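Labels A, B and C are assigned to the chains in the order they are written; within every chain, residues are numbered from 1.
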Amino acid sequence: MVVMLNGYVETLMMTLSQYFFVVLTAPLYSGILAKLKAMIESRRGPSIFQPYRDIWKFLRKETLIPRGSGFIFRYGPYVIFGIYSLIALIVPILVPVPIFFTASADFLGGAILFSLAAFIKIASSLESGSNFMSLGAVRTASFIFLSEGTLITVFFAVSLITKTNNPYVTNNFLSANPFQSLTLEHIFATLAFFMLFFYETGKLPLESPGLAELGMIEEGMNYEYSGRLLAINKWSGHMKQYILGSILLNVFLFPWFLQSSFPYFLLDIPIMFLKWMLLIVIVAVIETTLAKMRLFRILDYLATAFTFSILFLAFGVLLG
Amino acid sequence: MHIFPYLIIAAPIIACAFYKWEIRAAGIAAGVADVILSVMIYFQSPFHGVFYVDFTSWIFLVMVSSIYLASTIYSLNYMKDIQVRGISEKTYYALLNLFSASMFFTLLMNNYGFMWVGIEATTICSALLIIGEKSDVSLEAAWRYIILVSAGVAFAFISIILIYYQFHTLNVYDIIHTNPAGGLLERIIVAIALIGFGTKTGVFPVHTWLPDAHSEAPAPVSAMFSGVLLPVALYVLYRIYQIDPFPLLYTWFAVISIAVSSLFLAYQRNYKRMFAYSTMENMNMALLGFAMGGVGVIGALLLLITHSFAKSGAFFSSGNIMKSTGKKNIDEIGGLWKGMPWTSTSLVFSSMAASGAPPFGVFIGEFFILSALAGQNIIQFSIVIFFVMTAFIGVNYNISSMVFRGSSENSEPGWLMTGTAIACAAISLLIGIFLLGGYVNALV
Amino acid sequence: MNAIENIVFLSAALATVSGFYIQAQEYIRSMVRGQFIQSILIAATIFVLAYAESSIDLVVLGLLVLVLRGYLITELLERRIPGKGSDLREKEIGIASHLLLDLVFIMIGTFIIYSLVFSGINFSIAGNISGGTILVFPLALFFQGLFLIGSRNTTFSQITGYIEEENSLVLFAIFLIPVPLIIEASVFLDVLALVVISSIVVLEKFTHNPLEELRG
């Protein structure tokens, strides 16, 4: 009984630490990335805590709701935040062993939750009746069929390698068999997911940060939000970036070094942080070297990612 | 050591050496030499070594060399006063010679790999011949010919690789005469070859280049294409088919192609295009014969040799009409018999021969093939009978309307061109009469 | 999987990917260069196999690919690009739709051929490669060549598609069974001659569209 309770407490601690780690540190990585980019461009740049300050500032400001918008507009951001919180509990983004809520969905379920969040965001932004928001919504909707398709096929590809759709098993398998990660499906799925990561988080060759109407996609859908709702939306965006980036690191690119036994799992926090530094350096180098694509080129970009993911998925099936 | 095959291949190439000097005369000399040599090679056959010659390939050799000679002679006048040339007159003759040499090479080699190389070489040599008379349309036709045929023939190389994988040799004689057990791999080889080489033979889904190239090429080149190039591709297909006969697939493809070509033929307004579809119908009839085996093969050979003369005659006559009227469409032409009695005669005779009217050899060939087919598959038999009659009516109705309906002022384009056309039509008639005169009994 | 096999699989896969690269190009010069990259990849594959099997024939074959496909054909095509060359392109190409259609086409083609033909026969592959599964790559490349010919209407892209097909045949042959060198060399010369002939047509006619006279 004591042992069982002990296990229960351990899992509870793991769950809590993973959840709060994700929610609390997610904005930090955006700050570090912005600072690093500024340093590369020999600017001083904002503090690495700027995203927290932004969120704090928005939280204190008045919230304006456009006339005629309904409850989806008001409550959508909370639902989206909740969805990302759930995803944060079902994929191995800090602790490499199952925790509470992990059993609620598999890889495919995670991908579908991402789609759900995107859908709610489009629906809530269409409610506002603003032209800029519908611009962002339309753009998102016209790209999403490729990006979500890629996300799902990429998850299929890793599932095929390990013959399971449990992300934790995949992570364990890959970190135990480093050379197995050299199959063609894995290499090209990694490439596709890497390309997708850039699109989903609005990185430079696809979308430049800020409110420039010509190129905005995701940002456009925050146009009419203000105050608390905007803060929640921003926070969700940071969480999404953290979740996708950690999946990229832990399942595709760099699955090693995670600790799973009880007291040592706290070491995962600095380990994940270091891994993220690696990813941030790569992203910063790419963002500072590439120019922004024209808007309708994004479709070509996403089609390329989709092609990579599905081609080698199918070859993987054929090659048996 | 057999010297004849080397000479047959070498003669047209040597003729190219006279490029600067008298390439037209050299071409004719090479043609005459090739006709004599390919007739003579009969007395040495069958033999195999570097080359493989038996009765079947002998028939093809005679066909190629005679049509080569006829086309060269016909070109003398036809190519002389063309206004807009794609290639110079000398280059035209040089390419014509190389084109024939590559066909001889394909027919003679005892190696599937070199056969493939030969077929590809025929594409290379003949592609520019299509733009002998340059226009936007002929350039487009030449390009379609190049790209469609080479893409299709590239597919056939897979079957060559598979042959080598299975038998560890590419020697035609050895492979055919070992009688391999018909496994799945042999079936696949034969099926891939049907699509690959079928592109050049004019099998239905991959025939689309054929009417374009035939209608836009100069008349002597169309005659070479229709009379011998397609049969040469058919010969290669037959050699691969012999590895593991697979009648079910081949007969159905041939039957469907016959049906399709007859339907397309019926509504063509350009008479050269109509003849092109008639060629496609005949080639698939021959393919059907080869697929049946036995008496069907004899029928196919008869059909092919008669058809090559008849269709050359038809294209030469079309060239005469083009030369003196300048019109391409059936509807624009009428009353040829008044101004051009000789051309009309050769046109009527050769179109009847090509569509399988009774005393001609094509009729006898089709008779053999259909009698073999009737014993095996009555459904295919009835389809083929129906569409052969459609094609017969289609061709001859259009030709008779060109010749006899209305009247117009035309004149013969010169004795050499008319004479060649008449000679080809006459030879196809003679073959039929000769066969009916008793030789059939000896064959069967 | 040993190291050689891994390298061969990877380079064959990259050759297939280079087919997509060519398909996605608008500029004629980039397409020709894509063909160059593809030939280099194939030559590299051949050299790796030649090293693994210590076969002189394969070395010669690799050199032939390098010189004839990599150098001569690229040079020939690049010189023929009309105008300034570097800025000539095919207009109004939907790259995304082309890529996706290409994907569907080669998937269906490869799947049909592979499941009909290659799953029924247990191919024994020479040398270091185990199992016939690697034949998927040349097959996919073949269908890519076909798709390139079908989907584009300039002479250059269609020639490139044809060369892609021939490249896939080279890969197919070296994976299954190396065809006698003399035949392979004649095939190379044929392809070269065909490219020369086509480049004569290129000068006269740059794009190819349906014509009223050539219908039916």
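The criterion applied here is as follows: contacts are C-beta pairs under 8 Å (C-beta built on N, C-alpha and C of every residue); 3 or more make two chains touch, one makes a residue touch a chain.
Predicted, not measured: the structure shown is a model, and the values here were computed from it.
Participant: Please tell me whether B-C or A-C has the greater number of C-beta pairs in contact.
Facilitator: More C-beta contacts join the chains of B-C.
Participant: Name the chain with the Cα centroid closest to the overall protein Cα centroid.
Facilitator: Closest chain centre to the overall C-alpha centroid: C.
Participant: Going by C-alpha centroids, which chain is farthest from subunit C? Tell me that one.
Facilitator: A
Participant: Once you find the CA centre of subunit A and the CA centre of subunit B, what distance in Å lies between them?
Facilitator: The answer is 65 Å.
Participant: Would you mind pulling out the distance in Å between where the CA atoms of subunit B average out and where those of subunit C do?
Facilitator: 31
Participant: When the C-alpha atoms of subunit A and subunit C are each averaged to a single point, how far apart are the two points in Å?
Facilitator: 38
Participant: In subunit B, what residues contact two or more other chains?
Facilitator: In subunit B, no residue touches at least two other chains, as defined above.
Participant: Under the touch definition given earlier, write down the residues of subunit C that touch subunit A in their complex.
Facilitator: 6, 9-10, 13, 16-17, 20, 24, 95-97, 99-100, 102-103, 107, 110-111, 114, 133, 136-137, 140
Participant: Provide the residue numbers of subunit C that touch subunit B in the complex, in ascending order.
Facilitator: Checking each residue of subunit C against subunit B gives 117, 120-121, 123, 142, 145-146, 149, 155, 158-159, 161-162, 165-166, 169, 172-173, 176-177, 179-180, 183, 186-187, 190-191, 193-194, 197-198, 200-201, 204-205, 208, 211, 213-214, 216.
Participant: Which subunit B residues qualify as touching subunit C in the complex?
Facilitator: By the definition above, subunit B touches subunit C via 86, 111, 113-114, 116-117, 120-121, 123-124, 127-128, 131, 134, 136-137, 139-144, 146-147, 150-151, 154-155, 157-158, 160-162, 164-165, 168, 170, 184-185, 188, 211-212, 215-216, 264, 267-268, 270, 273.
Participant: Can you list the residues on subunit A that touch subunit C in the complex?
Facilitator: 146, 182, 184, 187-188, 299-300, 302-304, 306-308, 310-312, 314-315, 318-320
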